[in-house]
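What follows is a single structure, and I will ask about it in a moment.
Letters are used for the chains, namely A, B, C, D and E, taken in the order the chains are written, and counting of residues starts over at 1 for each.
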Amino acid sequence: MIIPLLILTPLVLLAALGAVWKARPVHAALLLALSLALVAVLYLTIGADFIGLVQFMVYVGAVAILIVFSLLITRPGDEAEEIQRRPRSMVTGLICTLPVLAVLLIALVKGNPESAPAVDAPPLSIAHLGELLFTTHAPAVLAVGVLLTAVMIGAALFARDTEKPKSNQPEK
Amino acid sequence: MIFATVPFPSFTLESLPQLPKLLVEWLLMLVGAPDWLVSIGGTAAMAGTVVGVFLSAFALLSLVERKTLARIQNRLGPNRAGWFGILQPVADGIKMLTKEDIVPTKAEWLLHLAAPILIVVPSILALGVMPLGREWVPVNMELGLLFFFSVGALTELSVFMAGWASGSKFPMLGAMRAISQMVSYELPLIISALGVIMVTGSLRLSDIVVHQGDFYFGFIPKWNLFTPWGFAAGLIFYIASIAEANRCPFDLPEGESEIVAGHMTEYSGFKYALFFMGEYLGLFAIAGLGVTLFLGGWQAPLPFLGWVPTWIWFFAKLAVIIMSYLWIRGTFPRVRIDQLMRFAWLCLIPMALLTIPAAALWVFTGKGIVSWVVTVPLLLIPWVILTILFNKRLAPATRTYTFADS
Amino acid sequence: MSAEKTIDRLPAVPKPGRWIMPGLGLIQGLVISGKNAIQSYYKKDRMTTIQYPEQRAVISPNFRNFPFLCYDDDAATGLRCTACSICENECPPQCIYIVLDRDENGKSLKRPKVFDIDISVCMNCGICAEVCPFDSIYMDGEYEMSTDDRFGGLMLGLDRLAKSAEYHMKLRPEEASAVMAKRKAEEEKKAAAAAAKAAKAKADLEAKAKAAAEAKAAEEAQAATEEKGESA
Amino acid sequence: MISDSSMPYSAPTLEPGEDDDQLLRVSLGPQHPSTHGVFRMNVVLDGETVVSLKSVFGYLHRNHEKLAENMTYLSSMPYTDRLDYICPLTNNWALAHAVEKLAGIEVPERAEFIRVITAELTRLINHTAFMGFILGDMGAWGSALMYAFREREKILDLFEDLTGARMMSNFMRYGGCRNDLPAGWADRCSIVVNDYGPFLDELEKFLVGNEILLARTQDVGQLPQKTLINGGITGPMLRAAGVNYDIRKVEPYGIYDRFDFRIPLGAKGDCYDRIMIRFLEMRESLKILRQALDQLPAGDYIHPKAKIRNFKPPVGEAYARIEGPKGELGFHLISDGTVNPFRYRIRPPSFINLTLLEDMCLGLDLADVVIILGSVDIVLGEVDR
Amino acid sequence: MSLEIEPIVARLREALPTAGISLRKNPGPSGQHSLLIDSASLIDVCRTLRDTPGLEFDFLSNVTGVDWPVAAKADTIAIPEGEGTAPTGGMLEVVYHLYSTTLRTGPLVLRARTVDREKQVQIPSVVSVFRSAELQEREIFDLYGVIFTGHPDLRRILMWDEFVDHPMRKDYVAPDDYEYEPTPHEAVLEKAKKHYGERQKI
């Protein structure tokens, strides 16, 4: 069980670091997609098939594609000025991440390993998961559904006014 | 002791495709390899058979496509290489291998190399999950369908890499079109597959095929296609699968009359062949899924044909679907990018969403005559409204032509 | 005739306002391409292509490719061409090159010593055949003339251009027969003219001879009378 | 955009300043699958819509006019086959018509009929090939093209019989034709003409109802009638916009006034109308062909006193035009009495029909540019001369 | 059908009294007589021809460039009625053929001439009146060297932009910088040059 974990986690870290460090936006985006994919593989190795495949589908299939697609459309500028303002962005980045790191370390140290749930719990079957999702957690699913539709309508409205009227020059 | 007596694997015609796996396992056991090595050897052999079968099908399809297109255009098609052109794929393969592989200077060579590989990988992974015969299911995953769609998402990423890494303008345009097309056609593809999951109750593909097992009144097979919601969802799945595989009339990314070869413009040599392999294997995967979901996978069409090995039915149905793709490719012109989008978002997705309540009603009203009476209008009326709307606003105007005598 | 009724029909345009299934036109297109595919197996008329090296397309007798020089009975002597180089002047891309054959003291032998056609320049327009007054140059029907030598290979000299009148007869029977008839008629006319000239020449030869004879006779008579005169 | 007709020209040239990196400069280059030959368009795209389009000519420029000035009148006839190599016989007729007007030569009856028959057969070939090319531009690569070329082969075989070459006909002389119809040619021609009707129905069913074609060509590349006339557009493109101007009726040359045929006029003048007008024109050509084949008289195929070699037209100038399949093909000849023309000018319809290409394509997609160029139906031999 | 040109000239003179219009007879049997318009009033003449209801010449079919190295020769083609043009050096001429699509009247031939062949080669561009002249005038500029003032985009159209000379002029000598390739065709070219050579003299 441990071997895949030991192989994968450094790779994920490396990819994430690359995503942050890379000057060229497209390389950064692709490395981000790689790191998300590796996380999905991590899920698969510990037997959580559903969450692994959904992670792969949602993140690599949708989020990474949207980031990359926007890069393709806007074709962002050159890397020079991005490298030039790197020192300042480094500082702000550290300021934000240090507290998060602190919280993680505390949780790691304070939490005692025994209380963690037994590793060999019976693997969750999809039907059971489905029932759980739509009976006990139904309100949460419905809330997420409403949120998503609101986002979809917002995006549609937002896209509408910037779209040029398609001039088929009926009468120029 | 080395040749411990291991019974030679007994196989019937039905489990013929299992033969390589059984042989490898028998050999390994003969040699006395440890268990984990035997299982790995078996799965490797199974994977080998799947890849072998579908690569030879790809070679055959590249020849059959050129010959059927030729027949539609009243000519013979390749008949010089080998008897009736049978060696044409070999000739193409050799040509592709020997052609010089040019990488443009402005291209990012790593992404330029990675793109074709990343296009072929997902199609083969998707084929691994497909139930090809009663005893021939390479990987019987409980989440077969979900695995199929999540792996399918990788092709868009590789198309982007191909388009962006080539550095020149036409691939850029091609990549833009390809991604927008694939993203907007993945939605109707998945939604139309939801109906089947709801009715079957499981994501395992072999369960779906078993569910479509017996026959109405003895001779009409209980495939999902012959149910109202199944017919609508099947049609939408068929159209969306054409768009997903970038086949004509939706072959915009590689619209050769506008942007030369889209994201594949800057490729030559074997990388270009990899793109085609990826496209054709993707076509097999999508058509295979269509057959599994709606045409009853490896089920026999008529009850008394049970003795025929089941994987023959799967490949026969697959051939029929792919011949229809070729027929469409020989006839239709290409759609423009905004029409493509409008068709997907305004027509396909609403109709696909409609099939879900129809499937629900179908199950709750007991799958009998009553459910037919309930679901058919639920599907038909919105469709008629949609076409009337289409005729009024978007339909092409009918033109009257005057004739001048002087 | 069936064709007549389809001439005036306007294209099948759906009546406005009626509800039409959107996919109808597409299905009609499929039916047509399907029909073409199936009929291409058994209907000869549907087939567009032929298998070139094995089957050959039937070319019409009037087909014109690069020119050739016609000779009557023997390539060296019977060449009809008299090197008048009218075709050389009229050739639009100027691809004919003629050198007149002269004997030692410079008199023209009315025969081309060199007659080259550069078939990489010639566009087989047929003007040389049209303007040739001596019906010696005609357009050939042979089209497989590719060579691997870009310089010498495409420069056809007299040896490769000259072809017999029988070849011309085989190539274009009616044109060749018309030319042969015309030439035979000219021969007869020339022969007749020659015969007439010869006859006239003989006639006035005899006339001269007769005149000479009479003159001689007259002299003898005169001489005889002189002798009589002297003797008397 | 185009303001009112009094000041017709204000093409929206893109100032370099306004260009930012959002715009994509693409050159649909001379080597491109759907430019019907070596023709280049520098297109500036904002996303997929065209912002500016400058066309570049001259890749196939052989300067036929300079050659003609150094050659005799007869020698420049084979070069007219190379102008619009899809319809060589109408080019030959245009030059013969101009020289006959320049020198005042009459043409015997039978030659006039042969000219009308070959011209209308050429119009059939051109419009059938157009259907194949326009479908190819739209993406149905090959099907309509091969059907069109299958029928075109039959007519080209007729031309091979008549003129000696399928395409490079070099068939007209000043005062008639080069040779008479070979035996049995007229019957073979009427068989081909009879089979053409059913083929047109089949091609029409394959093409016209097709929803994708309708969606792709309707309201694409449409211009008002006044701009079209002002831009010098002639031929099916002009009549698709509803302007009733066909030189066979406006200025009847040859014996077109003896045949009854109609001129189809379009409604809006977009790409769909241009396709339909060419369909209906093919049907009218079939009518003319049937009448001409019925009334074909006997007689000599060339004026007996027509001079083939060192033909010297009198001093003067003449401009004559015919209704070619692509538009008004005219020849402006100035003769100074010698064997060579002093000035030999060709009025190429494909070249001048490209004047308004940019106006038609502004605001549309890259895919539309390809179809609009296809609907203009250009042949680069005639555009670049 | 050659249209009678006198009433058109009369209407034009009455509409534009100051314009320099002179009738030119065409000796050939085609009977297409032409109007020589001096450059200053070319655009006004075109605009009146297009807009006046009676004339309505709204379709400029053809624009031809002609190079007259000897101006007097032009008078043999377009015979002036009264005084002939002073035989100066050479000149460049542009011939316009106008048609009316509504009245269906025949070719109205207009001629515009430059002062000489070297420096003063300006002719006002009629693109502002007839859009069809745009590409044809660019071609005449490219092949003859006539500079059309007021043309929106006067560039070379057929030759490549760096090309220097104007190929259609009578005195143009083709540069022999083609990549020379020895062919047995040499003899033919000499003979042709010798034969066709002397015919180029004017």
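The rule is simple: contacts are C-beta pairs under 8 Å (C-beta built on N, C-alpha and C of every residue); 3 or more make two chains touch, one makes a residue touch a chain.
No experiment lies behind these values; they were computed from the predicted model shown.
*Asks:* Work out the mean Cα position per chain and let me know which chain is farthest from subunit C.
*Replies:* For subunit C, the chain whose C-alpha mean is farthest off is A.
*Asks:* What chain lies closest to the overall centre, CA atoms only?
*Replies:* D
*Asks:* Using C-alpha centres only, name the chain that sits farthest from subunit D.
*Replies:* A
*Asks:* Taking each chain's centre as the mean position of its Cα atoms, how many Å separate subunit C from subunit D?
*Replies:* Averaging C-alpha atoms per chain gives centres 33 Å apart.
*Asks:* Indicate the whole-number Å distance between the mean C-alpha point of subunit A and the mean C-alpha point of subunit B.
*Replies:* Centre separation, subunit A to subunit B: 28 Å.
*Asks:* Between subunit A and subunit C, tell me the centre distance in angstrom, where each centre is the average of that chain's C-alpha atoms.
*Replies:* Here the centre of subunit C sits 83 Å away from the centre of subunit A.
*Asks:* Could you tell me the distance, in whole angstrom, between the mean C-alpha positions of subunit A and subunit D?
*Replies:* Distance between chain centres, rounded to whole Å: 59 Å.
*Asks:* Spell out, as numbers or ranges, the residues of subunit D touching 2 or more other chains.
*Replies:* Expected reply: 143, 146-147, 150, 206, 210-214, 276, 280.
*Asks:* Multi-chain contacts in subunit A: which residues touch at least two other chains?
*Replies:* Counting only residues that touch two or more other chains, subunit A contributes 73, 166.
*Asks:* Mark out which residues of subunit C touch at least two other chains, giving numbers and ranges.
*Replies:* 10, 13-14, 22, 26, 29, 32-33, 36, 46, 48
*Asks:* Please name which positions on subunit B make contact with subunit C in the complex.
*Replies:* 68, 71-76, 79, 327-328, 330-332, 384, 387-388, 390-391, 395, 397-399, 401
*Asks:* Which residues of subunit E touch subunit D once you look at their complex with the stated criterion?
*Replies:* So the residues of subunit E in touch with subunit D come to 1, 26-30, 32, 34, 51, 58-62, 64-66, 73, 76-78, 95, 97, 101, 104, 106-107, 109, 127-136, 143, 152-153, 156-160, 167-168, 172, 196, 199-200.
*Asks:* Inside the complex, what are the residues of subunit D that reach subunit E?
*Replies:* Subunit D residues touching subunit E: 6-9, 11, 13, 57-58, 61, 63, 65-66, 70, 101-104, 227, 229-234, 243, 245, 250-251, 313-321, 328, 330, 332, 334-336, 339-340, 342-343, 345, 347, 351-352, 354-356, 384-385.
*Asks:* Considering the complex alone, what residue numbers of subunit C touch subunit D?
*Replies:* 1-4, 6-14, 22-26, 28-29, 31-33, 36, 46, 48, 59-64, 86, 90-92, 123-127, 130-131, 139
*Asks:* Taking the touch rule as given, give the residues of subunit A at its contact with subunit B in the complex, in rising order.
*Replies:* 26, 30, 33, 49-50, 53-54, 56-57, 60-62, 64-65, 68-69, 71-73, 125-127, 166
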